[in-house]
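What follows is a pair of complexes built around chain A, which joins chain B in one and chain C in the other.
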Partner chain A sequence: MSTIVQAAAQSGPRTGFAPLRRRRRGFVLPIVLGLILTILVLVPILLMFIGAVRSGTFVDPHSTFSLRSLQAVYTTWPYLRTLGITVGASLLVSLLACVVGIALAWLIARTDIPAKGLMENSVIAPLYLSPFVGALAWLILASPRAGLLNVLAHQFFGATGPIINVTTSTGVILIMVLYNVPYAYMTVSAALRGMDPSMEEASYLSGAGVVRTALKITFPVVRPAIVSAFFFVFVLTCGTFSIPAALGGTQALPFMAVDIYHATATYPIDYSRAASIGTMLFWISLIGVAFYRFASQVATRFVTVTARGYRMRFVKLRGLRVVSVGLIAAYVVLAIILPYLALFYVAFTSFTSSSIAAASWTLDNFKAVAGSVAVSQSIVNTLIIAVIAPTLCIMFAVWIAYAIRRLKVRGGGILDYITMFPIAVPGIVFGTGIFWTYLMTPAYGTIWILIIAFVASYVPFAYRMIDTSLIQIDKSLEEASALCGASHWRTAWQVTFRLIRPGVLSAWILIFIFSVREISAAILLSSASNKVLSVMSWDYLEFGNVQNAAIIGLLQTAILVLGILAGRYVLRIKLSQNG
Partner chain B sequence: MDFQRTRAGQSAPQGLSRRSVLKGAAAMGLAASGLPLLSSVARAATEEPSADLVNAAKAEGTLTFYHTTAIDLTANWTANFTKKYGIPTQNVRGPSYPLWERWLTEERVGQHVADAIQITDTVLIEAAHAEGLIADYTPASGAGIRPGMKKEGVWYTAFVNAMGYAWNSQRVSPEEDKLLRSAKWDVLTDPRWSGRFATSTPASGGSSYSYVYMFLGGKRSMFGPDFVTKQAALNAQIYESKSPMYDRLAAGEFALVDQASQSDMGGLYLKGAPIRWVFPDPTPANLTVQTISAKATHPNAARLFQEWAMSHEGQAAWFALAGVASAREDTVDPRKVAKSDWYKEDWYKDPADLYIDYLSDPGYVDPAKPIIGEWNQIFGRS
Partner chain C sequence: MAQLSVENLEVSYGAMVAVKDLSFDVEEGEFVSLLGPSGCGKTTTLRCIAGLEASSAGRISIGGDLVAEDGLEVPPEKRDINMVFQSYAVWPHMSVFENVAYGLRTRREPSETIQVKVGEALQTVGLEGYAHRFGTELSGGQQQRVALARAIVTSPRLLLFDEPLSNLDAGLRERMRFELVELQRRLGKTSLYVTHDQSEAMLMSDRILLMKAGQLVQMGSPRDLYDRPASRFAAEFIGNANIFDGEIASVAGNAAVLARIGGISIEGRFSWPEQARNSGEVLVCIRAESVVRVASEATGVNLFDVEVRTVSFLGATVNCLLQLDGVTLRADLPARHPPAPGETIRIRIDPEAVTMITEP
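Right after this comes the complex of A and B.
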């Protein structure tokens, strides 16, 4: 993400790669890749579709072929209503997250706002907090009658009703926006930095003002990135389970992913209904992914980095500086500071009291968590998975991207599509598919089923980031290596992989963050010996132990921060440009 | 393994020693003399698992236990078993229905993960027993479990949870507090609780189902749909799981909740939460029952664990952690005897008329659980 090299200069001799491509244009590599993708991605999705047309589970002796669930889900009002609300709310979340993300990206990338590094790190900091734990924190802060903010407003300002209520549809949407802003920010920010500022300079020299330049020059150039960010957030939101579930389930805001969970968690357990809702969600997400793919491919074409040096002219905010800093500070307070304060508050109290003055302070919760064998095991499992899953995921993504982009293997387009499929499958649905795929294998009940699930779920993210890095490397560099007599693998190892290293490491960090936070699939796949921290926090919350759930959330953050610090200072990886 | 089961389960004569003969004689003598406490002590002594079973269990080395109770509480409970026999346990917690479905699926495909399972729905266990998935085992300590709280050889009650209603004393007026203390079910239909009341869906687990079953099933003539309709009119917040509802009650999000179980309310009370609870008559009670997987990977460890869990010692260990009624007559919460904790409060009274004899009702054992559909309809849930 941090290295963007000339993308435009793609002309030049093609002699170096041509014979190589001819040699590799066989069938072995695409078949091997196709087989791995089939097992990893297609079989779980296929099982979801088969599960939707059965009356019970695959192992239920009374289960038969049935269209009952599909018919109910696709033709009856309650499900169609939930579909409409899910799509509508997701579009709204995407729109709001993009508006905030664009504003923040523009402020940090294009203005003279102070402390850019700190600002950027603050804006992407919500990535280190599990959205589920963030929602839990907001429940403590802003439930209508017992929310700390509402109680304080009543005590200090005499407010008679809730000033903010996260258990409403508006509340759920706003919390989802808060935790999706970093994705929009990162995508748009990268595009802004990849843009040649001479175009904006020309606009200013022609007499256009800041707003006119932003609207007429900057915005059109980064528009594909914005569209890409919009559909990326849309797809993520459509499959979101943890935030609406933590904030009141379907009562606050009917959401398809929550319906799927309820179908598998309340009586009568109905996997067929869950799978049917999953198929519907799949189609919706697939449309979103199609737009996302198209926009992100266009966005990479718009990268206009030049080799010549330039000095970025920053827009002077003058009097708006304070307002701008205030805007970023407000976001950071809402997404990070208040939630963490709430988590620390409940972690140190014996029960969730709405009155801070009357709270019963204790260290017992920490002692209980520290003495819990299950928590110790889940920390170890989380650490193991957080290292292995991103590593395997990145290795596989590099392999696919290199095969498709550089070796031009047969069926590259199909492989590209299949690799991107998991984005269209929400974690909770994909988790169900993985469950059925590996139920009868030795991987079942071990940390390996989680690693497989995470690799399959996150390979599209890694692939897209690495593919973008590959596109942005001028092929003439590799061709020069080949012309100098370097072997194919030597060129790949010493030129290509070295140049995409920053992108690869950034992708690793992103998958590391996802792997530590993931909850939807992990809940379905957890067993006695593979519990991870996210599942522990869910288990604690489900049993009303908000205190321990909060401590687990804080532990997750500690692991994420330590991992990112290690990445930054040991491997010199950055998720952001300034940070 | 079968050998172990026969010997321990049916208390067949085994290694008769002078000590065991004397214990037996003493127990019979004490029982005849009408000294129930001493009698129970003697009975507990005869309920000790055989040395063969203990050795076989230890040789298996570990136990995987699927349960529905609180994570840390259960871990502390099973730690007592581990301490006594040196057999570590792997505990897996989940809500009754998904946990049970998970176990069924695993068994059907030959992934024998769980050795012992503890859930809140006897109907599901009996269906699995009919499918041949439940071990036929009669723990010697099961003799101490009250009749009606076990199905010999199939499931045994680990503990009984009575359910009433609970309120946050800081979210009600003195007049409302007085009304709530009257311990009448009709209190729950008072329109004053509109927007201040929370409940849990009967689809969430066996205990919620048992609670709702009393109103719409077993005691339908006394309560019925009219009662539930009045509750639905209160614009209640409906939870998919009871425990988060209790947490929100303690925080003051709601004034009143139903399905208030003794163990959970007691736990919050001990943490200092402003919680009070009562048990109106009749009081629905739910059994948390334990069973053993027919193809358990650690069958002897599972049998030994059940022996311990159903024994006076195992039940007392649970009492030390959670305030619930025991399924054994000889196990009484020491706090009750000492009149400590909530037993000293003037608003607290033990449940007097437990509604527990519904386990064989045709309506209750119907696997379709039609009560859930009716409840959903009344509460306007699809």
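Right after this comes the complex of A and C.
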């Protein structure tokens, strides 16, 4: 899993496979791949830019060239204010997420904290869950009037007025921090693990204590990883739709992604404005990704000679042990336990009782919602997409990675760059582009448009993970097969693809998770017939039906958990470094 | 008082015992090597002395101060020792100067003192002019020197070396060995050196501790270990001797022993008086270089006519496999006028060079 966040960081030596290279340096393969990538990735972005300077959609015969939306978005106050708030809030979120992530990574990698495997899995777990469902749960827990925590406070401590309120800018920022900590954690923890332990031992032997060693040696050595984690979270947060939208949208904290959605969903509908905001968000992400890539490249320069894996000397926490375990436990309670308790409570009780403790438990709501035609249709949609999108994505990624890394096709560098490009494009921006591209095709309004959008957005992750697996295969394994007389296809089939199987499976699971929980692109492209669970849940929330939204959130989580458990125990995929 | 004293050290991870009942002293200014094959517990021992690993039992004291005992474990930063790591561990985010100055800054020494001491340390290891380079811009040998300067600059009570030369290429390793020894003799620092390379240990050490499977096998000067191995393991690990299973035939008054190996009789000496026996099984240990070719009419003790099986050219010598009555003997003979395969030659083995070992 650590490969997700390091996606753009890896650029191993380009190992050639001479016999294959000689035979397969034609033009057909790179042109075919280039065309597919262009249609999948570049055209949507290009059409989004064109859409931004049209007065209406492409199907509208009266639409003309117009700078109106672009001008409004790039020069007038409400949009610039939103831009400022989005960037400022995202910087703050990244900063806080990194501070927490670094602290947790250091605790788990460097101290004698008990049950490390469990601790690590607990910290990473929120990654497998939908941030939108988390935000929904927090809305149930801590909305100013009906929030369960506030009601409880009122009942048991006689508090008047809300004690905690997530529908504020502070609330939105803290919930975003909560769900971004795992990304920061994974990047920093991978760097800490990769660091030569004798760097720190040398510091101890020079007379430095734990604190001085951590501040002067450990964190400076992994600083490039910290910087790249910061910008990764920044790019991710800038394009976030789910959390600010669920927690009260523009009133709490105006976010560009939410503005894009409102431009396409609320009156007056203005697709051109959506495209214009999309272009602005695109530039912000591009700058963030540029910083991220720079930091990642520096990170590879810092790689040092590593000694045999000697057992790391763990810092003894002694009395602080309880505090540290408490810190991690608090994180898990806030990110997972409390939210899911709230969801279960709302989903399985009737709302008629006045006191929380006296609530009567019932399966009726759940049965009614899960049994409705619309919901079962969206379960089917979600499952179809969750199987087809990762499968297509992986097949395409294997094809590209094999062509670039092993067949050494012409223009491999350009293909690599285009494949990685969507990593710079937030889901909602991509959704805008896809919308403009497929509006006039039969795919529009079907689940296929979602599959296209997901394959295009996630192909960089799949490609990077598979490419990493390919790099790790010693090329002599393939050469040995060729020298045994195996044809090029037989070598690929019998040796290469078998060896990258674990990487392929974990990439599949990762994209499965992404596809099930994705909301921002799905919501822009949704129609009556292609609703997925996340969109369904959002619709109920917008109509004020929190109970049904919670039930659907739980259904979606159930699909995620089943998928992950199947991957973990049936296919034996490693999902974290500690297994 | 010994500068370093290890008593009954024991390290175990669960059921796996890495170091068992190990005791030794290192005197002030002495250079001692821990030698043994990989997995013998030598690095674990070193890391226990450094405080990087916890011992299960035993005592360690440095300069008279107890640093590890049951329930007591002084952390590495409080032991006033320093270490040179196998991977150099040069901090990549600091210049050479800052790397070396780190320990002094930790002690909050005044900056003029730091300037002077770092300058001296860099001069000692031959890195003047590199102070402002970064660690990652240096070659392996130079990084090794930075690590060395960093270790000596704090004037530690004890210097530890964890296979510091094993990541260097062969030529550089040879040079660094001499430099390290020269430096250690000049500074007179008490040093403990871990290596699996017997020639490195022989060349550098005042004393060698030979370890196997977590236990001390033999301790002594390089010469002692080479000339008087006390066990089959010691004889094989150091200098790769020929070893034959024999039986004691007779013992003369002057400690000369006559042993039978198959059909032949050979005269030798017990290297350790306490191992002396009058009868029973014995290991006969003959160094390849103790075999001397003599004229075919020569007479005396330990003379054998052997058939030359193979001859391998090694430069200064040829390594020959000699067939002697069903026994195969490796011998290093001068490369000038080497015997030809198939030829029968007469050889002599000085009885002083035939070591008899009785293992308990």
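Methods note: the second predicted complex is superposed on the first by the 454 of 579 C-alpha atoms of A that agree within 3 Å, B and C clash if a C-alpha of one lies under 4 Å from a C-alpha of the other, contacts with A are read in each partner's own complex, and residues count from 1 in each chain.
Note that a contact is a pair of C-beta atoms (placed from the backbone, for glycine too) under 8 Å apart; a residue touches a chain by one contact, two chains touch by 3 or more.
Computed from a predicted model, the values in this text were never measured in an experiment.
**Student:** Quick one: is A:N548 in contact with chain B, with chain C, with both, or with neither? Answer first, second, both or neither.
**Tutor:** Touch status of A:N548: first partner only.
**Student:** For A:S527, using the defined touch cut-off, is the partner it touches chain B, chain C, both, or neither? Pick first, second, both or neither.
**Tutor:** In the superposition, A:S527 contacts chain B only.
**Student:** With both complexes superposed on chain A, which partner does A:R223 reach: first (chain B), second (chain C), both or neither?
**Tutor:** In the superposition, A:R223 contacts chain C only.
**Student:** Mind working out whether A:L205 is in touch with chain B, chain C, both or neither, as first, second, both or neither?
**Tutor:** second
**Student:** Counting only touches as set out at the top, which of chain B and chain C does A:I449 meet: first, second, both, neither?
**Tutor:** Neither partner.
**Student:** Quick check on the superposed pair: does A:A424 touch chain B, chain C, both, or neither? Answer first, second, both or neither.
**Tutor:** Touch status of A:A424: no partner.
**Student:** Comparing chain C with chain B, which touches more residues belonging to chain A?
**Tutor:** Of the two chains, more chain A residues are contacted by B.
**Student:** Going by the contact rule set out at the top, does A:D196 touch chain B (first), chain C (second), both, or neither?
**Tutor:** Second partner only.
**Student:** Look at A:L560 in the shared chain and tell me whether it touches chain B only, chain C only, both, or neither; answer first, second, both or neither.
**Tutor:** In the superposed model, A:L560 contacts neither chain B nor chain C.
**Student:** Kindly classify A:L37 by the partners it touches after superposition: chain B alone (first), chain C alone (second), both, or neither?
**Tutor:** neither
**Student:** On chain A, what residues does chain B touch that chain C touches as well?
**Tutor:** Common to the two interfaces on chain A: nothing.
**Student:** Please output the residues of chain A touching chain C within their complex, sorted ascending.
**Tutor:** Residues 196, 198-199, 201-209, 212, 216-217, 220-221, 223, 301-302, 304-308, 310-311, 313.
**Student:** Across the complex, what residues on chain A touch chain B?
**Tutor:** 57, 59-61, 78, 140, 143-146, 248-249, 251, 262, 264-269, 350-355, 360, 368, 372-374, 439-440, 444-445, 526-529, 536, 539-546, 548
**Student:** Mind pulling up the chain C residues that touch chain A in the complex?
**Tutor:** Answer in residue numbers: 43, 47, 50-53, 75-83, 85-94, 102-103, 106-107, 136, 140, 147, 150-151, 154, 160, 167.
**Student:** Please name which positions on chain B make contact with chain A in the complex.
**Tutor:** Against chain A, the touching part of chain B is residues 64, 70-72, 75, 90-95, 97-98, 101, 105-106, 108-111, 113, 171, 201-205, 209, 237-248, 250-254, 264, 268, 271-273, 368-369, 372, 382.
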